[in-house]
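Two complexes come next, and they have one chain in common, chain A, joined by chain B in the first and chain C in the second.
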Partner chain A sequence: MNTNLKISNVTKIYPGCVANDNVSLEFNSGKIYALLGENGAGKSTLVKILSGVIIPDEGKIYLNENNLNLKSPSDAKKNDIGMVFQHFNLFETLSVFENLIIDSDEQRESLREKIDLIMKKYNFPIDLDIPVLNLSAGQKQKVEIIRCLIRNPKVLIMDEPTSVLTEQETSELFLSLKKFSEEGILIIYITHKLKEVMQLCDEVAVMRRGKLVSVSEIKNENIESLANKMVGQNLKTIKKKKAKTSSDQLIKITNLNFTSEDPFETNLMDINFSVNRGECLGIAGISGNGQSELFQVLSGEIISEKKSIEFNNNYIGDLNPQERREYLMAFSPEDRLEQAAIPQMKIFENVALNNFKSSNFFNNGLINENKIKEHSKKIISDFNVNTDNIELKSQFLSGGNLQKLIIGRELITSPDLLICFNPTWGLDVGAINYIHETLIKINEQNKSIILISTDTDELLKLSDKISVIHKGKLSKIMNAEEVTSEKLGILMGGAN
Partner chain B sequence: MIKIVKRDQPSKAIFFFTPVLAIFLTLVAGGLIFFILGFKPFEALKFFFIIPIADKYGFSELLLKATPLCLIAIGLSFCFKSNNWNIGAEGQLTFGAIVSGGVALLFYEQEGFYILPIVILAGAIGGMLYASIPAILKTYFNTNEILVSLMLVYVSKLILDYLVVGPWSNPEGFNFPETRQFSDSAKLPLLFEGLRIHAGIFLALAAVVISWFVFYKTYLGFQMKVSGFSLKTAKYAGYKGKKMIILVFLISGACAGLAGVGEITGPIGQLHREISPDYGFTAIIVAFLGRLHPVGIIFASLVVAITYLGAETAQIFMQIPKYTGQVFQGMILFFLLASDYLLFFKIKFIGSKK
Partner chain C sequence: MIIDINFVGLIIASIMASAVPLILASCGELITERSGVLNLGVEGMMIIGAISGFALMTVTGSLIVAVFGAMLAGVLISTIFAFLTQTLITNHVATGLALTIFGIGISAMIGKNFVGIPGKEFPVLFESLKDTIPLISPILFGHSIVFYFAFALPFMTNYFLKKTKIGLIVRAVGDSPESASNQGINVRLVRYACILYGGAMSGLAGAYLSMIYTPQWIENMTGGRGWIALALVVFSTWNPIKILIGAMIFGGLTIIQFHMQAIGVRIPVQFLTALPYIVTIIVLVVISRDSRKIRLSTPSSLGKSFHKDN
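Here is the complex of A and B:
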């Protein structure tokens, strides 16, 4: 039977922003639809309305001409709308089977048969009786999908499903989605990744700032046209010039190990690498494979053996971040709001977090506010932070502006080495471009970068050398030209 | 149509206006309550807020009550500004009083200029020791400081109970639950003949000045602030975040302990069961009403101190239960939190769209 889902004039207003502005869309089964947009474009709000999590201020949802009037997620389930969220809603310590039956009223036995059938049909080989925490991200996602399939959904919504998957897992997912679509399930695929839209979908709806800007067939689009629609301006493409080959070694990591007491952290095992001046070393990997620990070891938040890190001919393994800054290292952590900056503090106070001796931010234990403010103004103008008020609390900066401020703060000392971790995570395309340009410029000035990122495209674009981290171990270091995203995907999945 | 719109940035004017608004709303609501109870609202409010401080004695009493509130609130502002929710100042006050009282009792037959400083110091140390318990548990064992500090209040009160009834009770005191009177050398000097206001007020004023300086002007204050907001950031910046948490608790404990000293070596002059009418809890209201700012805290402590006095006057002259004082304190906090909504949102009146 054909399924028709209609969104009619949906509006949702939050204080200070219109998340969905009079959005109308129509979907028919047999096709895979992409809902494309930058972060904050309103995709998630729309999806949450479809799944009953948010109630719209105005507008209606029709499924096969019936007004759904969704008031809660269980309403959506009753109406055969299934949803797989970006973040898994699974109980890690329960078994796969227990997770699957938790919100079902069917008999255990019949359900088990049903699940076995589903797994056979779609080739999902998962052991039902092991705890979920032993599964890979791809497998966990399959569990979430099975949980939807048990209910024979008419509509399946996938919210940014590939952010935690490897290249191989992604193509497996796409195969399954195509199969579901052939069987008459209406698929809505939410993403900001253009390549995936081109690979998977039949039709694409683009959202920008809460509004629907276009609906079109994929065959009439290409990556550039979609990107321009998504951003609303013509983007210039950046290209990195190949770095001058230098053999001047800046940092060398030797036999670095880290064993954590926290079971949720990853141990680092026998890390060895070196970076030359003017070089960008990219470290790829699926998140949770030791990137955060590696960053902390490199920044000095976790202290290691003195001789394990040699920087500019000094052994610095036992120094804390502040001391390492004196040797001209700089750090941009992944978490902008909880680590790199303090949202409740003013811009200039956040600038003072990067306190190095020659800055004179603090003299004899006293705050030198004028110096800090002067410095902050320079960062704001040098790094295009879109404000002129350094007294503004940084929570009022957009993610992109905050990241510019952080990168600016770290770079204004003109450090020899910048270590950054997912520097463009969650940013809009304009800000991403700016950050990428900045990073390329650093390399051109013969300064070095260690770029830890989960974004393969970013790594391929910016790195001179690439290594992959998997379960706390680094792969061998490869030249970026010899690497393809497929190859990275295989390494990220743990194969050799 | 009324619409609530998020402010781009909290307004500075509103930031200082909301405490005033809260006090005004408290008065209105208080008047209403008096009316419902069958009293004349204006007369009752007059007995509550004006009569008590109409003469010199009343004014001295106001300062007397405001002193511990101000001192504790200053200490608490260190904790609250750095997101450490120490709500056990009452316990730190009690324990400070116990330690300093113990020292004062050691010297009960002696005279000497050196006794008072030792007693005061002992009180500060006692408060610090007691505050270090939730601080250390929080930093090294991830316990929740709200629960730990609150529960320790009752522990300290029970310790005090035990001491004044048992080992420290006055041997010539006919089994009353109280210790001996302290010697004059262990008491804070009175400022004026016939009034109860004592030198403890200088401790409070010193605390105001020092706290302002430390928090707004020093690197140490900056590090405390950063560590309070995010330990991860503190670590990233290279600060010793855990030490900062312990430090703010120690400062807060010292202030509460000093407030305890002020009470027992000032108006009370001995240890007994009721050394504090919940100053440690009321000071939380004072700290927030004063916007965690040293100068704001001075004013807030005066305002809240009136509710203590007013409750007594109103009880004596109008037979209004003295617990109305606590009702007023509660209302101030309630209205303050409610009007803080205006900090982040503004109300817009817009014409109907259709």
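Here is the complex of A and C:
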């Protein structure tokens, strides 16, 4: 049966921001639709409206001519609209089966049979009786998809589904989605990744700043045309000039191990690598394979054996982050608001936070506010942070601006090594470009970078050498020119 | 030396009786905490239950009215907590502490007129069987209905959480209120219900103290049992069966140290009084040290306010 979904004049206004500005769209089953846009373009708001999580200020949703008055997620479910959220809506401590039965009205046995059938049909092998926290991101997503399929949905909405997947898992997902589409499920695919849109979808709607910019068929588009529509301007592409690699070793990691008591963390096993001056070492991997543990060990949040980390001919494995900074290391952690900055503190206060000793910010235990403010202003102008108010609380900066501030803060001491973890995660294209340019500049100044990232494209663009982390083990270190994203994908999945 | 075997039975029975209020309040609080709400007002709800039960018994003369009235009083006072933390999104810790202070104060005020009034005898079940089997009979028979209910409660709580759908929903809300809300579960409703249930159990625990255990009203008669109940929940890693074990150890040591003091054992009284607290915590820490299991049974959202924004 044909399914027709119509969004009619939907508007949603938040204080200070129009998330959706009079958006109208129409979808028909049999096709896969892309909803494309940068972060903050309003696509997540729109799909949250479709799934009943957010109630629009104006506008209507029609499914097969019926006006759906969606007031809650359960309304959307009742109307056969299924949604897989970007951040999984799973209960980590409950078993897979408990996660699935919680919103089902069926008996345990019949539900189990139904799930088994779905898993066989689409080749989703998952143990139903283990807690969700033991699953990989790809498996968790499959659990989310199964949860939708149990209800025989007419519409399936996927919100940025590939951000946590490997290349292989992504292509598996695409196969499944195509299969669902053939079976008559209307698929709406939300993303900011152009390559995926070209690969998977039939039609594409582009959003920018809450407005619908264009609706077109994929065959009439290419990556550049979509990128320009999405950003609203012509983007310059940046490329790294391959420098002559020096042989001057800066940091060397030898037989580094970390065993955690926390079942949520990954153990690091026998990590060995070295980075030369002027070099960028990229560390790829699917999130949750030990990246955050590796970052913490490198930054000194987790102390390790003294001799396991040699930096500039000093053994520093047992030093804390503050002490490591004195040896001219700098760190940009993954979570900007939880680890890198204190959201409730003002910009200039955050700038002072990582410079307790090696600066003239403090005199005899007193804060030298003028010096810090002067310094903060310099960071803001040097690093293009889009604000002129250094008294602003950091939580009010956008992700991109906050990241620029953090990188700027770290670089002001002109460190020999910058270790960053997902520096562009969740940023829009403009900010990503800026961060990438900055990182390339660091290398050109003969300083080194360790870039831990889950974004394969970013790694291929910036790294001189690449290694892959899988279940706490590093693969051998490869020259970036010899590596393709397919090869990385295979290694990220654990194969050799 | 010949030990009277029935005397041993009586001691065990008295240990069990002293564990009853702890089990009731802990199992109630466990449900509240499993839904992600940290209610530090257990002591306050218990003392409100104690005075309400005693006052209603004295005024109406009906034990049934008194027991259910005490539970209702627990529900009412926990409604204040629920309204503040769930509707007005106040901080759980501060609100809970305020609830305890409020409860102690208001119970003392109401209780003024009830000091020195003797309690009523609470009927016991199976009294005729009390002398049938040595050792076993005094343990099993001749107790109040609240006593039997308390010892069934950890098992019922365990069954409820693990086997029933509503139990699953409670755990889900405690694990991730955001996900639960996106799944169409009414997080606020679930948390309200769990808070109110916790209030009812604390109220019952208080009524047990003032109507059955020591049938009289004394100001501040809960004597910190609410805090012990809270500690039991945490140190049992939110496991009702371990609450039972912890409550028994605590009750046991409390009774035994009384006897030791009575016999005149030459150990400082202060140390003996502190003993139940120390040993209970040590034992529970030791039996619950599997960090994986702790992670799986700790409600991830405990004490965090959830606000659904539209």
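In this text, the second predicted complex is superposed on the first by the 471 of 496 C-alpha atoms of A that agree within 3 Å, B and C clash if a C-alpha of one lies under 4 Å from a C-alpha of the other, contacts with A are read in each partner's own complex, and residues count from 1 in each chain.
As a working rule, a residue touches a chain if its C-beta (ideal position, glycine included) is under 8 Å from a C-beta of that chain, and two chains touch if they have at least 3 such contacts.
Note that this is a predicted model, so its numbers are computed, not measured.
In the overlay built on the shared chain, the residue A:Pro321 is in contact with chain B alone; chain C does not reach it.
Contacts of A:Val215 after superposition: neither chain B nor chain C is touched. Legend: residue contacts after superposition of the two complexes on their common chain; A:Ile55 is shown touching chain C, with no touch to chain B.
Contacts of A:Ile101 after superposition: chain C is touched, whereas chain B is not reached.
When the two structures are aligned on the shared chain, A:Glu261 is found in touch with chain C, with no touch to chain B. When the shared chain is aligned, no partner comes close enough to touch A:Leu117: not chain B, not chain C. By the touch criterion defined above, A:Asn89 lies against chain C but remains apart from chain B after alignment on the C-alpha atoms of chain A.
Residues of chain B that touch chain A in their complex: 4-6, 8-9, 216-222, 225-226, 229-230, 232-233, 235-239, 345. Contacts from chain C toward chain A in the complex involve residues 165, 168-169, 171-172, 175-176, 178-185, 291-292, 295-298, 300, 310. Those residues of chain A that touch chain B in the shared complex are 14-16, 299-301, 320-323, 325, 331, 333, 335, 338-342, 344-345, 349, 352-355, 362, 365-367, 392-393, 396.
Residue ranges of chain A in contact with chain C, taken from their complex: 51-55, 72-74, 77, 85, 88-94, 98, 101-103, 131, 133, 261-264.
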